[in-house]
Amino acid sequence: MKILVLNPNTSEAVTQRIAETAKKAAYPDTEIVVTGIPYGPESLESFYDEAIATPYILQSVKNANEAGYDAVINAAFCDPGIEALKEISDIPVFGLEECSFSAALLFGNKFAILTEQKHKEAVKSREVRKHGLESRFAGVKALNMGVVEIANNPLKVKEAGIKAARELIENGAEVIILGCSSMAGYSEDLEKELKVPIIDPVATTVKMAEAFTALGLRHAKIGLYSKPKIQKMK
Amino acid sequence: MKILVLNPNTSEAVTQRIAETAKKAAYPDTEIVVTGIPYGPESLESFYDEAIATPYILQSVKNANEAGYDAVINAAFCDPGIEALKEISDIPVFGLEECSFSAALLFGNKFAILTEQKHKEAVKSREVRKHGLESRFAGVKALNMGVVEIANNPLKVKEAGIKAARELIENGAEVIILGCSSMAGYSEDLEKELKVPIIDPVATTVKMAEAFTALGLRHAKIGLYSKPKIQKMK
Amino acid sequence: MKILVLNPNTSEAVTQRIAETAKKAAYPDTEIVVTGIPYGPESLESFYDEAIATPYILQSVKNANEAGYDAVINAAFCDPGIEALKEISDIPVFGLEECSFSAALLFGNKFAILTEQKHKEAVKSREVRKHGLESRFAGVKALNMGVVEIANNPLKVKEAGIKAARELIENGAEVIILGCSSMAGYSEDLEKELKVPIIDPVATTVKMAEAFTALGLRHAKIGLYSKPKIQKMK
Amino acid sequence: MKILVLNPNTSEAVTQRIAETAKKAAYPDTEIVVTGIPYGPESLESFYDEAIATPYILQSVKNANEAGYDAVINAAFCDPGIEALKEISDIPVFGLEECSFSAALLFGNKFAILTEQKHKEAVKSREVRKHGLESRFAGVKALNMGVVEIANNPLKVKEAGIKAARELIENGAEVIILGCSSMAGYSEDLEKELKVPIIDPVATTVKMAEAFTALGLRHAKIGLYSKPKIQKMK
Amino acid sequence: MKILVLNPNTSEAVTQRIAETAKKAAYPDTEIVVTGIPYGPESLESFYDEAIATPYILQSVKNANEAGYDAVINAAFCDPGIEALKEISDIPVFGLEECSFSAALLFGNKFAILTEQKHKEAVKSREVRKHGLESRFAGVKALNMGVVEIANNPLKVKEAGIKAARELIENGAEVIILGCSSMAGYSEDLEKELKVPIIDPVATTVKMAEAFTALGLRHAKIGLYSKPKIQKMK
Amino acid sequence: MKILVLNPNTSEAVTQRIAETAKKAAYPDTEIVVTGIPYGPESLESFYDEAIATPYILQSVKNANEAGYDAVINAAFCDPGIEALKEISDIPVFGLEECSFSAALLFGNKFAILTEQKHKEAVKSREVRKHGLESRFAGVKALNMGVVEIANNPLKVKEAGIKAARELIENGAEVIILGCSSMAGYSEDLEKELKVPIIDPVATTVKMAEAFTALGLRHAKIGLYSKPKIQKMK
């Protein structure tokens, strides 16, 4: 099985970090190829960034279909362009957010999300509504830290993450999703302290992609993700 | 007041049709400028098409901000890139779908949508969920006609539209939204026959944009639509 | 266009205040007539007050239909008797609450309401449920002030309003609705401080009524608002 | 225990029919007094009719509080003025609709409602949403018969009722509520044919009123039903 | 009328306490028989305990059907095995939780639950979702006390109960359900202090069981509670 | 990795069929052990059957914890006793229904379920509500066939399954779950005909159990599935 793990931005450092997690999570005989996109933002932190990156992500997924991959993982938590990717892909495409949500449902009554900045709380809350999962959602809390700070200050992340997660748990969360790729690598620390399942999106999605691809499951092509017809461009 | 009505595709015929409807709907002293995007698909009929068009829509909205417009209408029913547009815009941006939904709530218990093709039923149903309005939604029915056919065969559209709308009304709909710009111009015919309010998205959004812009209302910039920071591109 | 803005109580001071806001909000060529009801409570602060006032509101709306008005605005935030008014009216009737809700949906992920007294929080929460909008609702907070106090103590209103709104924003609100006519006039102050859109119900409803009436949209008469048949009275 | 069963219209025939059902349902030592309202419509078939009747219902409930009753039943399925009645009453007030809904939840997964005319389907669907019970609701079907016809043509009612109920059952209903007082007396016939619990609102509400009144339960006076303060009238 | 009030555990002290409350609540001519189950846990404090007890509860309900009872009350708040009990019973079976929920809907906008230990908050929240009542739910708070402590330390219960209930009321609760049989007997104290309706599940269910049984209402046997066919055992 | 696939009934034929599917689905180095329960019904077709079987399932899961298994699959679609199993188990326990639901969310807008008999439609609909997934649910249809007939008459199953699935697809389903173990083995036939993803619960759950167990994910022990304390038995 050959899976493309696509980092939908242009940061090589992030591509590298995703590669480590993905390869560590994968079965030995899964061929994991990790790449970024050829052009686009270094980091996707807004709908704007996602919109700018999506044409390049689409091209990468088209290429993966032609290059004989069995599945693609779109490796940013915001699931940029996920519906369009599923439309144009015959092979299954998995998003970190959607897979994290599906996994979280199995391990507790309600899940919650840690995010970076305050304004992302609204974004995540809207994502949960889009997926129809508000009944299982215990909330989202920001660490109020920037991406760079998260990458460089593990002690502060741990402290802020534990504080935020404790409030979410008090509020009914039983499963915590690390809702930002910059938090990768913190799951063990948090799990040890908090004693609840912590979902690391990259690792979780790799395992789910392997599982569903082995089963031959792929997205329906009759409704939400119907194959687009080719439009005339000008 | 100066409003840019942006047709987010490259079909000049569609731009022309939108211009007629928009100008007819607007108050005499509203300056309505209607343009298409400089490059992109001739028609947006999939998430893929939307993703390809969105970078150009974004650029047009940026330009409108700089050119002194008071508001922008993103004139396709699928609201392509609407969140990103609101993020990067200081002037209000209005989508046809979101405005049609808000209007429909006022005129009956439940609304329904007419769409073109069967697979769009899932897309519209998901949009309604994303907006949190499932409780007010009586369903969506496709005419099972292509865009060109809809434009060229008014008799068939009327017949198919009335049949589909009657089923939706039987199912609880009291307001019908013409969920595709190719249906513009059919609202009077349908209203005469069906005796229920028919929402024409372009006309409705023009009037709402005038109203809210006159009030000085614009989208919040603290959560879902926070201003994006500038990312390094590669 | 001729719009009756009906203050559904008997306070001339309130009628006067509504008239100022409504006329300021309207287009110059909209004829705005503002009146109170001929008999009834001076203020509507309970379902009981609304029930006592509604027969007189109904009569005023009947008169407006006969007097050639194009639309009626029922100018109390509690939308007293709104369903009955729509039933008996051929011209469109707009409620402040329903219009404020529809507007708020367009400007942020979730909206919230400021109200006067603690017990009104339950009332507003129930209204939101009745409208099927719980998914977009971030809560309601009372200023814990009476109507007279609100009218006479702007500094305290501003202070209490900002405090309450901040809590609602912390809780996910991006749009704040001034849920009581006694708060009219405070929107600018609050917007300056809070940097989020503040919905002033009277002004907002006037603009929406103009817009929808110009479009010829009116409520469906086939379901929720069907024309009542005349009953024998005893 | 002394319960006022208030027929909130002026039809003596209906008052008589309610009296029979209520007295048959009550325990022997419950004193059941059945009256109509002194002035108002002969039948409540619209929000308009309810609005006209409500001031008289309110007066009757006030009188019942002073006359030493232990509880009041507001005996029309539309629960006219129910919130206002609860506000001004210290003794418990029970509505047929709300009690029927609460009872129905106990006897099957989902309930459904039979109503008279097609347009009432929207009204009932909205009531269910107001009560927050959409998840337990399998739908509503009209007999498409008028009140007089229902009273005079039992064979047609039975036939139409069974047909409508079968469709609702096919759709997931396990409990059928007779959603109109004119259907009283048909529950046994329908139950025999359909083999599902049929809720007769008058009888059911009488028994529930007895039960809750005996327990000393009454509605909260701190939120939705807070005691109104006395307003100045003009 | 003869009702079996079944304490679904083996604690004779609890059976005794239930008997007192049930007999006090019942009408004089209702024959109330209270028993425990012959074998099983002394207390049901987990899904595990419920699963172990349920086969014995089932046997008791079967016996009650044969012994000529008119109804059974399954007298633990967790409603252990309630679906299975309804399946195998021709006579109506009433659960404390489901009856408390149905009652609570009638007395305020939203209800809340007091429970024993923190982890039960998730359990109760899930129960509310299972019943489709999240829209009417204001939350659940634990006293953070064990069953024995609750039984032996009334002062602490009262203090903790009032504190927890006040937070729930602040959060929108208007009706408080004593969500654990060990709290029986505290309703008067709490009601006096909090001025909101307090639902005592045993007393409430006894009255509702009397009421519905007198009406001849019983659960539908066509869907959720269909009679099971006899399986071969090994 | 060593997984116990527990058939929670006593039919050796079913155990055998599950074993085939499970072993075919598993990775070569996953040790799959398939057993039935030592005593209980031959088939679980009601809540009653589940209640009778659950104590034996619990014992089997306890044994699996002691015997060094890494995970348990509770291999009946009704997820019998799943909450209790998770409470008493330190190793992860996976249910077919919950895993099928989580998987289905990833492959289309809405999923639907095929079941055996009409009355199971209510049961499945209630399960979906319990899991908070009604927004993603397009319905359930019965084949109206018994378990034995399903096992012995593949042609009729295929015909009935395709007919039922087509209705569900017309109604918005994009993913079909085979909601009964007796339907195992039909997924390929249906997928070929219907062109939508078909979820085979046993195979899907095996792959998901492997994936999540490899990740070290297990259910939270702080809320819904908290470890039960040991009760005194009598």
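Should a chain be cited, it is by its letter among A, B, C, D, E and F, assigned in written order, with residues numbered from 1 in that chain.
Going forward, a contact is a pair of C-beta atoms (placed from the backbone, for glycine too) under 8 Å apart; a residue touches a chain by one contact, two chains touch by 3 or more.
Since the model is a prediction, treat every value here as computed from it, not as a measurement.
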Message = By that same contact rule, can you tell me which chains touch chain A and chain D alike?
response = B, C, E, F
Inquiry  = Tell me which has more C-beta contacts between its two chains, D-F or E-F.
reply    = E-F
Request  = Can you check how far apart chain A and chain F are, centre to centre, with Cα atoms defining each centre and the answer in Å?
outcome  = 27
Note = Between chain A and chain C, the Cα-mean centres are separated in Å by 43
Key: chain B, residues touching no fewer than two other chains   = 108-109, 121-122, 126, 129, 132, 134-135, 172, 174, 222-224
Note = Every chain pair meeting the touch definition is listed as A-B, A-C, A-E, A-F, B-C, B-D, B-F, C-D, C-E, D-E, D-F, E-F
Note = Per the touch rule above, chain A residues touching chain C in the complex are 121-122, 125-126, 129, 134
Note = Touching chain C in the complex, chain B uses residues 25, 27, 94, 98-99, 101-103, 105-109, 131-136, 169, 172, 174-175, 195-197, 199-200, 203-204, 207-208, 210-212, 214-215, 217-225
Touch list for chain F against partner chain E, complex = 10, 39-52, 54-55, 58, 81, 83-84, 87-88, 119, 121-123, 126, 129-130, 132, 222-224, 226, 228-229, 231-234
Of all residues in chain F, those that touch chain B in their complex = 108-110, 135, 172, 174
